[in-house]
Amino acid sequence: MKEHEYTHYVNYYETDRMGITHHSNYVRWMEEARLSFLDSIGWSLLRFEEEGVVSPVVSLECRYKKTTTFGDNVKITVKPESFNGVKLSLSYLMKNEEDEIVFEGSSMHCFLDRNGYPLRMKKDYPEFYESLRGLLE
Amino acid sequence: MKEHEYTHYVNYYETDRMGITHHSNYVRWMEEARLSFLDSIGWSLLRFEEEGVVSPVVSLECRYKKTTTFGDNVKITVKPESFNGVKLSLSYLMKNEEDEIVFEGSSMHCFLDRNGYPLRMKKDYPEFYESLRGLLE
Amino acid sequence: MKEHEYTHYVNYYETDRMGITHHSNYVRWMEEARLSFLDSIGWSLLRFEEEGVVSPVVSLECRYKKTTTFGDNVKITVKPESFNGVKLSLSYLMKNEEDEIVFEGSSMHCFLDRNGYPLRMKKDYPEFYESLRGLLE
Amino acid sequence: MKEHEYTHYVNYYETDRMGITHHSNYVRWMEEARLSFLDSIGWSLLRFEEEGVVSPVVSLECRYKKTTTFGDNVKITVKPESFNGVKLSLSYLMKNEEDEIVFEGSSMHCFLDRNGYPLRMKKDYPEFYESLRGLLE
């Protein structure tokens, strides 16, 4: 199992005046799916927080393919794409209930300690490093 | 001057599928106006944070009178209604550019120290207490 | 069954700088729970939309009892409190996983047709009226 | 003048549990700045709506350089990068009050008519086409 599935039900307050989901919400769903993925491999955000590790978003890419709206169930597949111990890249594929792709995206993350210094996860958190590397092969 | 004026320009992403401002956003605008009011009397949230004071929302009341939407300038008037040193009550009146009332509301706040204990502002922060009491007379 | 249960998982993006759920989000969860309740009695928002009925929020009351934060499962109970065919009042009780009350609130709604005219649901939508009245007894 | 300046004041409700602006909000600020830019060249979203033109976001790129938080004034510069009459690309540069770059991004947009068919703006809206092309030279 190298990818993780997560479903987001589109809320009414996520729609906009065009009648569709406002595009900024997909970025939030990426976060929902990402945290669910990390949780599934034993590294919940709460565990990171306890360890004093923060993992900010370095960059994002979003490609909007089809609209969604209130009441839709959006299936999100998250997958690690690369990880050198310093930067982690994840990809996201979102589909509607007709199995059509509605969104493709990616996010890049780094890992910082309590003082904001970059961590080298291979050395500092080898267990996390190995878990993720294992999903890349 | 016992009341404070603040203007919020309605953003596109604040509208919903009905074509109007989603009702949850008025709660955010109440916060914007409240923090602007506190700043105007010398008690910015940043100052409170430095002092280790937090001021959570205890309760809210919202009455929606007319809809607003993207592009509207909403004029918000904030006014302290009562303050006994423990609980602060503020009222909010929002008008559109035609000077029609679109929203009326109120919020109640308490004041806590770093450890979550209630502060008695008359004793603990007399300067703040007097500023606010002065606006009530 | 006169009340409806709904669970909201608190997302990271719903927290604020105090480390807790921003208070505006509870208003959104009230909507989530309300739409889930209406759906459960056969009156999804999509059905209302097809009929050309809109049901704006007339007023809200929110009482914040305890904080919640990222990762919490908040159990929300929605219950109709009164309904005269013109105005519908609902109450909301939210509890954390320790079964402590975190929030109490209520919302009032009216029903409008496509042209914005008030509907009298007893006459115009007797099936909906009876469903809700049945839950009140 | 080929670029447009817009300032966003960071609201308290835009921060998250890390104490900083949640990354999804930058996407909303891109929209604020974009609509302000289009307004400045005479093509407000309201004008587009009256004409029956919608302009969805096709793709986004976001690069986060430095954190911002509540109380910051973020200066946003928007600039058209390319426009062939079918797809419009805009770039965004955001700076803090110390004039440090906090965010760089871009967005791609297309233009659709009421029925969802792609418009060729050079032919269908030559005035808009020429305005934008003039800013590219």
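Per-chain numbering from 1; labels A, B, C and D assigned in written order.
Rule of thumb we're sticking to: a contact is a pair of C-beta atoms (placed from the backbone, for glycine too) under 8 Å apart; a residue touches a chain by one contact, two chains touch by 3 or more.
Being a predicted model, the structure only gives us computed values, none of them experimental.
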Selected interface, B-C versus B-D, where C-beta contact pairs are more numerous: B-C
Farthest-lying chain, centroid of Cα atoms versus that of subunit D: C
Inter-centroid spacing, subunit D versus subunit C (mean Cα positions, whole Å): 35
Distance between chain centroids, defined by C-alpha means - subunit B, subunit C (Å): 24
Where subunit B and subunit D are represented by their mean Cα positions, the distance between them in whole Å: 30
Subunit C: positions in contact with at least two other chains: 12-13, 24, 28, 31, 70
Footprint of subunit C on subunit A - complex, ascending: 11-13, 28, 31-32, 35, 44-46, 70-71
Footprint of subunit B on subunit A - complex, ascending: 12-13, 15-17, 19-20, 22, 24, 69-70
Subunit D residues within the subunit A interface of the complex: 18, 23-25, 27-28, 31, 54, 56-64, 67
